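The next block holds one structure in the form of structure tokens; read it before the comments.
Read from first to last, the chains carry the letters A, B, C and D; within each, the first residue is number 1.
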Amino acid sequence: MTAEQGLFLCAAAFTLASAVMVVSARRLIHAALWLIAVLSGVAILYALLQASFLVVVQVVIYIGAIAVLFIFAIMLTRRQTDHDAPSRWTRRAPAFLISLLTLGALSGIVLAFPEAGRLPPPMPPDLDAVNALGAALLSPTGAAAYAGVLFHESYVLPFEVASVLLLAALVGAIYLATTERRRRES
Amino acid sequence: MRNEWLYIGVFLIVAIIVPLVPLGFAALVAPRKPNPTKRLTYECGVETVGDAWVQFKAQYYIFALVFLIFDVETVFLFPWALALNRLPMFAVTEGAVFLGILVAGLVYLWRKGLLEWQ
Amino acid sequence: MSIPLSWYLFLAAALFCTGLYGALSRRNAIAILLGVELMLNAVNVNLIAFWRYLDLRPNDPAPMNGQAFAVIVFAVAAAEVAVGLALILSVYRRRKTVAADEVNLLKW
Amino acid sequence: MNFWNDPLHFLAEQLTAMLSRWGLPTAWITFIEFFLGAMALIVFAMVLDIGLVWVERKVVARFQDRLGPNRLGPFGLFQPVADIIKMVIKEDITPATADKFLYNLAPVLAAVAVIALWAILPLASTIYGADLNVGLLYVIAAGALGTLAVLIAGWASRNKFALLGAFRMVASLISYEIPMVIVLLVPTLLAGTMSLRGIAEAQRSIWFALLSPLACLIFLISAIAELGRAPFDLHEAESEIVAGYHIEYSGMKFGWFYAAELLHAFTFGGLLAILFFGGYTGFFGLEKLPAFIWLDNPFVQAAVFLAKAMVGYWVIMWVKYSLPRVRIDHLLAFNWKFLTPLALVVLVSTAILHRALMEAPRWQYGMALWLANLVIAWITIEILRAQARRQRRHQRAASQRQQTAQEQTV
């Protein structure tokens, strides 16, 4: 076993153990904090995959914003959520069964996938991934602008649509989160 | 070429160990004589009323919400800022449209009076 | 560089199913959303693993499909959390509950 | 390669040669070198931190017309040592109702969030931890960890004031992160890279503070808010909520919050120096002259960087000890209604000019950026003045109406 495999196994074990805690912790705030552990574990996996931009984005957006929003929401609904009462086994057993079946199905797909045993190709030495990502997201010719080739997949439209989606989410979420009285006042 | 993230991983491990050293040392030498009064919640001598984990103002949540959306949009501008030198002028407009949508959100909040603290 | 692609895929599958179990078994709506977050992260691990293993080809200088997908998943996740939590808060304000099985606004 | 030109690589090579003579595998050698490098950098930061205790106490004393610590050692230099001994031997009280694990985790997390910044801080062109190509976002990510530490501390203490302080702090932290992120895009644009070392190197001929003074100012303001220092320190507003999120902490655990705050302030002074004042370089091309070639020596560069960082730290202290605390509604309004729109305008104008004048002569490019900043500043001030005038007119009209009403009733 190489050092890299050891690192991967440590990160994977940490991520999965935290994930189990997320779905089993009684106190919701602890579940949210375990979610942060999962998110950091996933960030370590991104680092192993050499996707630098996504490592920092994972920490900035997921841990810095989404997890904080979760904690705020849990504290806003404190009266009910200090302890999440365990659901009955009639609910947990089918849930467990369904996830187990899904796991089996996904594992089957992975095992049947012809490229599953593949090892990673070497990173292109002069690839500036963030720069290329910017070109892919914003140039009509895609990463072509970065790489100097003729054509590449371009994500201009999805990127712009994503920003519209975020605006819509902002407006909708604000509408839902403010009370009627507050809305009438303004 | 060394792997920068490996170094940062090692650095973070050391960064966790270093604060633990004085804390461990303090745990060894510091006196420990707890009593129930000492371990009460500190509120300048007045006894605490009710649970301290109170429900708090919904307004904090609104600001966290606005922050989340703005954070996502601005972080995704970093690839744009980097690639700008290589891209045609079209990409600048592209980024400007993205920013314009961001500004639209800000204007909406402002007009709705949600940036006011009450 | 000695980790086969399947390791990442298995990990992502396990993470996805843990999230699925959380989303199905929890009563609290916020806890359900936490489970959904786990599932989204599993998807992103898959996307980045595919980028690293299959997207990067020796003769192709800058393929970014996996990362671009992941970025858009991030945006969608943010929107989902913002609206989802706002919905839960809105229901909580009316019904004083966040238990998913006690909310029957859309049931008949 | 010799010790004076490239100390880190020189030492690393010596160590590699020595260890491989002992027959250690390469992976272990790399790990040991990384470990020693990280250790050296962190110990340096910690020693600096101890020094900062003295600097902070001395400077605040001078601002308040006092002498400050002057008993222990020359100029009271040994005072921080006494402070540390006191912190360590103080009894550590954990509230009975606290969430034990999280309560103990928070101070460590607060310290880690600050120390982590030193992993990418370039002290000189050859003395740095990691040259990360996403350095600026890493800085923001470390800030996110700090936010988390505050939230955990406030929640785990199980104290109303701690929770209230934590929420105020988080509200101001996350609000001011937006203009900070927007304004960090400006050096990214100008340098064409996110690596801190690349940004410092890009300022060899001219500082970004001269190209975009407004961006520099916005960064300074949001950095002060990010640090939670006065005038943005209402999370610890002593007169209302005692001490904010660390009210329940005592002994060395409190000590880490305090130490982290000081080191954080100095580190942001350093970031200000790197992003806008050239960092370890930035002598306007002076180092190219044969007589000044020694300016490129890594040790001189490190000294220059630390001096610049100290100036930045001093400015942050100056602001802290001169201005009164702002109210929370003013704090949030100032951010969302003033700083964020201004940062957006600065970003867009910089982006357009930078892209349009990419091929133009450098002096035209620099002048255009500088003038654009000047125009934006002037327009902003005019808008603010018009607003203030309107407000004054309203107030005067209101008070006059009141007066006439009173006279009529009399």
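Assume a residue touches a chain if its C-beta (ideal position, glycine included) is under 8 Å from a C-beta of that chain, and two chains touch if they have at least 3 such contacts.
Quick caveat: nothing in here was measured; it's all calculated off a predicted structure.
A.B. asks: Which pair, A-B or B-C, has more C-beta contacts?
C.D. replies: Between the chain pairs A-B and B-C, A-B carries more contacts.
A.B. asks: With centres defined as the mean C-alpha position, give me the chain A-chain B separation in Å.
C.D. replies: From the centre of chain A to the centre of chain B is 17 Å.
A.B. asks: Just how far, in Å, is the C-alpha centre of chain C from the one of chain B?
C.D. replies: For chain B versus chain C, the centre distance works out to 21 Å.
A.B. asks: From the C-alpha centre of chain A to that of chain D, how far is it in Å?
C.D. replies: Distance between chain centres: 29 Å.
A.B. asks: Where the CA atoms of chain C average out and where those of chain D average out, how many Å apart are those spots?
C.D. replies: Roughly 33 Å separates the two chain centres.
A.B. asks: Mark out which residues of chain B touch at least two other chains, giving numbers and ranges.
C.D. replies: In chain B, 4-5, 8, 53-54, 56, 58, 60-61, 64-69, 71-72, 75-76, 78, 81-82, 84, 95, 102, 109 touch at least two other chains.
A.B. asks: Chain A: which residues touch two or more other chains?
C.D. replies: Within chain A, residues 48, 50, 52-53, 55, 57, 60-61, 64-66, 68-69, 73, 75-76, 79, 128-130, 132-133, 135, 137, 146, 159, 162-163, 166, 169-170, 173-174, 177, 179 contact more than one other chain.
A.B. asks: Where in chain C do residues touch two or more of the other chains?
C.D. replies: 71, 74-75, 78-79, 81-82, 85-86, 89
A.B. asks: Treating touching as the only link between chains, describe the layout with one word: line, ring, star, complete or other.
C.D. replies: Per interface graph, the chains form some other shape.
A.B. asks: Note which residues of chain D are touching chain B in the complex, please.
C.D. replies: Contacts found on chain D: 30-31, 34-35, 37-39, 41-43, 46, 84, 87-97, 107-108, 111-112, 115-116, 118-120, 129-134, 136-137, 140, 155, 157-164, 167, 170-171, 174-175, 177-178, 181-182, 185, 188-189, 192-194, 242, 247-248, 251-253, 255-256, 328-329, 332-333, 336-337, 340-341, 344, 347-348, 351-352, 354-356, 358.
A.B. asks: Can you list the residues on chain B that touch chain C in the complex?
C.D. replies: 58, 61, 65, 68-69, 72, 76
A.B. asks: For the complex, give me every residue of chain B touching chain D.
C.D. replies: Residues 2, 4-8, 10-16, 18-20, 22-23, 25-27, 29-34, 36, 38-44, 48, 51-54, 56, 60, 63-64, 66-67, 70-71, 74-75, 77-78, 81-82, 84-85, 89, 92, 95-96, 99, 102-103, 106, 109-110, 115-117.
A.B. asks: Spell out the part of chain B that touches chain A in their complex, as residue ranges.
C.D. replies: Touch list, chain B to chain A: 1, 3-5, 8-9, 53-56, 58, 60-62, 64-69, 71-73, 75-76, 78-84, 86-88, 90-91, 94-95, 97-98, 101-102, 104-105, 108-109, 112-114.
A.B. asks: Using the touch definition from the top, list the residues of chain A that touch chain D in their complex.
C.D. replies: 3, 29, 33, 36, 52-53, 55-57, 59-60, 63-65, 67-68, 71, 75, 128-130
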